[in-house]
Amino acid sequence: MALSSKEIIAKRVALEMKDGDIVNLGIGLPTLVPDFLPADVRVTLHSENGFVGLGPLQEVDADLVNAGGQPAGIIPGAAMFDSLKSFELVRGGHLDVTVLGGLQVDEQGNLANYMVPGKMVPGMGGAMDLVVGAKKVVVAMEHTAKDGGAKILKQCTLPLTGKGVVSVIVTELALIRMTQDGLVLEELAPGVTLEEVQAKTEASLIISNGLKTMPGFE
Amino acid sequence: MALSSKEIIAKRVALEMKDGDIVNLGIGLPTLVPDFLPADVRVTLHSENGFVGLGPLQEVDADLVNAGGQPAGIIPGAAMFDSLKSFELVRGGHLDVTVLGGLQVDEQGNLANYMVPGKMVPGMGGAMDLVVGAKKVVVAMEHTAKDGGAKILKQCTLPLTGKGVVSVIVTELALIRMTQDGLVLEELAPGVTLEEVQAKTEASLIISNGLKTMPGFE
Amino acid sequence: MRKVTTLEEAVTRVQDGMTVMVGGFLGVGTPHGLTEAIAAKGIQDLTLICNDTARPDLGVGKWVVNRQVKRAIVSHVGTNPETGRQMIAGEMQVDLTPQGTLAERIRAGGSGLGGILTPTGVGTAVEEGKQKLTVAGKEYLLELPLRADVALVYAAKADKAGNLVFRRSARNFNAPMAMAAECVIAEVGEIVEVGEIDPDEVMVPGIVVDWLVLGKGV
Amino acid sequence: MRKVTTLEEAVTRVQDGMTVMVGGFLGVGTPHGLTEAIAAKGIQDLTLICNDTARPDLGVGKWVVNRQVKRAIVSHVGTNPETGRQMIAGEMQVDLTPQGTLAERIRAGGSGLGGILTPTGVGTAVEEGKQKLTVAGKEYLLELPLRADVALVYAAKADKAGNLVFRRSARNFNAPMAMAAECVIAEVGEIVEVGEIDPDEVMVPGIVVDWLVLGKGV
């Protein structure tokens, strides 16, 4: 059965994790990632509202929610703490990977994902801390906006969440990694052409010599 | 039975406490203060190595010592914490009174009590935090040095523990309070004359209109 | 020092124009008895410091709907459309603050720090009006302390000395906020006798808590 | 991730020339199995970050006597005359640091802050070489982060995931130090299975602890 766009993204993001990693997953799409982790990769999930060891919901406990405010579970070995300690872990480099959604990403590795002036103002929550603190910042998003417009730009136009923070962008079409030389297109989703990705991307992309199909979809 | 110099000081310092105060007592002389608290004044003692609720030793517990490293007790309602929280309480204005010894105090309310260059180098421990953080800083010390030299000076010559931090000085001879106008001699110990205090004090003292004998020694 | 009081009595400490910190994360760990009472009394012109503005029908979200908040210092408002509406319409000032920075600013306020240097927000709109410092070649923002007139926190359990114990993800901002206000009111699920909480399990020492109210929380 | 190891294996992580944080307050809460092993191996040229240098026959005090320490960043050395002697003779560099400032600098190192502004030490020798900033009319010192190659901490109990629980005043610097080193080795009084410590009682989350050694402590 064909995977949805979101499932393609989540499946590919899962391969960015190493066994033992401490990982923070943003609200929405990123929460699908654990479903696609390889059997030999076990990660510990950090929930910025105050714990490590987020797990599947078992029974509803009014005192125990995830960072989206939804009822959550914890695994054996979990540790609870306050918001201070939670962000000490984030900013202090104790997280290996953070996965977030994006409204715009650009050639400088800038990320915008917390507001559209005059329209949508959710706020940054913990995202600004996560993008400066985590060792690897994965932006997991659909390649283009609902109106078809590019989201991977030469320069972000929306207020930034972080400057030069993006490590890798995973969309339903491609995997693009930030390098010192700029954005490198490394992988195409199955059935997607280089031309399609370029047409839907405003930013200049360096085409990797090893450009290949996303692994795991054979 | 006559009180020793230290007991006179401790007894008078005890009167600087109000019921309900949170108090930190330095090593040595200040630890005698609780013995002299009036019956209607109960204070909670902060121990900067990590708790509030210091109490009399009941049984030796290797994990429980006071800030001098000596076996200590805790009272019901005590709370333990780490060194961070301990000094959050200190610097954050959560202590009402701190009582410390002094090597020198001067007319500007400066205190020196942590080292004599080239000789004695105990270090400041928590004293520098305590003198900037506690609402009232009581210096409890003998009025003169062992060689008879003045310790209450026009200007401290030893490295300072804190600048303009002293609230009140209690010695076996007198109680001197720091005010906006300078050091005010408010009380004389029983049998002590104004002349004796002035002879043993280098700093200029303002003589209080209400100069009296230390209360509690009638 | 008697700390246990009634909800009605406790709420008299909150008055028009005050700055109020409220614990909770999307309503979890919020002292709902207190927030409801303040909504019912219609206390006006509040400056609210909270992680978020919850939902229109929940916790401090009701204050927003009731137009009791003139300014909100929060990390996220996406779950309360009324906050976004008032913000865009210029009816309420909303200071969007990264979650980790919010926690650090509250901690600074409670622990006597003049500020902290954080990498969070460098290169974003969060920089505006702030001093930037470079330490070891890296840029940081100087973020200033936050304090409140009153902090309203929720804990699962307290003893009569005010020592607090939180549960699961309901800890969040409650712990740092209890350190950073002139008056701290804790709504708690259970009040036990002094001595019934092991001193090692205390999460906020009772010396910083002014009033205890038995409530329902969450 | 297997964390439980032997004392011998753990000590191989500490090498000549490293910066080492050691928990404890006058030896209480110090991981004595680890400090003894390092004394026995004669590891050289260490930069020691610790509250104090204990006593000549205790904990890190032995390292000083053995001349294994080239530099010590501590708040107090009064209980170890050999430290004072080496300091005055110019044989060892001793950076006397106020205790609260030491704790904050370690916290900053572990939590990604570029520094903190503290009122502690303003107007004293502690100012030397430091940037002074004025915030809201009050002067503060900018104190910079401290990190270590290895942190050696002691906890009463750990589970195999590395979650730590401290006891009484043995908590002290162990908690912040466990956040601030490339490699964290915890000597613990008891090792239990994952799941046997309630997540609310964890004082340091296991994700920051690299190695666990069963030891005697205190």
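Order of writing sets the chain letters: A, B, C and D. Residues in each chain are counted from 1.
Here, a contact is a pair of C-beta atoms (placed from the backbone, for glycine too) under 8 Å apart; a residue touches a chain by one contact, two chains touch by 3 or more.
Worth saying up front: this structure is predicted, and the values here are computed from it rather than measured.
Colleague: Quick check: more C-beta contact pairs at A-C or at A-D?
Modeller: Between A-D and A-C, contacts are more numerous in A-C.
Colleague: Look at all chain centres (mean of CA atoms) and spot the one farthest from the centre of chain A.
Modeller: B
Colleague: Determine the centre-to-centre distance between chain B and chain D, using the mean Cα coordinates as centres, and give it in whole Å.
Modeller: Chain centroid spacing, chain B to chain D, equals 29 Å.
Colleague: Find the geometric centre of each of chain A and chain D from their Cα atoms only, then give the gap between the two centres in Å, rounded to an integer.
Modeller: Computed value for the inter-centroid distance: 35 Å.
Colleague: Suppose each chain is reduced to the average of its Cα coordinates; what separation in Å results between chain A and chain B?
Modeller: Taking the mean C-alpha position of each chain, the two centres sit 56 Å apart.
Colleague: Using the touch rule from the top of the page, what residues of chain B touch 2 or more other chains?
Modeller: 51, 74, 80-81, 87, 90-91, 132-133
Colleague: What are the residue numbers in chain D that touch two or more other chains?
Modeller: Where chain D meets two or more other chains at a single residue, that happens at 104, 107, 112-113, 118-119, 166-168, 171, 199-200.
Colleague: Show me, using the given definition of touch, all chain pairs that touch one another.
Modeller: Pairwise, the chains that meet the contact rule are A-C, A-D, B-C, B-D, C-D.
Colleague: Per the contact definition, I'd like the list of chain A residues that touch chain C in the complex.
Modeller: 47-51, 61-65, 68-69, 72, 74, 80-84, 86-87, 90-91, 110, 114-115, 118-129, 132-133, 159-164
Colleague: Give the list of chain C residues in touch with chain A in this complex.
Modeller: That would be residues 25-29, 51-52, 74-79, 84, 87-88, 94, 96, 98-104, 107, 118-126, 156, 166-176, 203, 218 of chain C.
Colleague: Under the touch definition given earlier, write down the residues of chain C that touch chain B in their complex.
Modeller: 1, 107, 109-113, 159-161, 163, 179-180, 194-195, 199-200, 202, 204-208
Colleague: Within the complex, which stretch of chain D touches chain C?
Modeller: The contact residues of chain D facing chain C are 104, 108, 112-119, 131, 133, 135-136, 138, 140, 142, 144, 165-168, 171, 199-201.
Colleague: For a test of understanding, state which residues of chain B touch chain C in their complex under the given definition.
Modeller: The touching residues are 20, 22, 44, 46, 51-53, 74, 76-81, 85, 87-94, 132-133.
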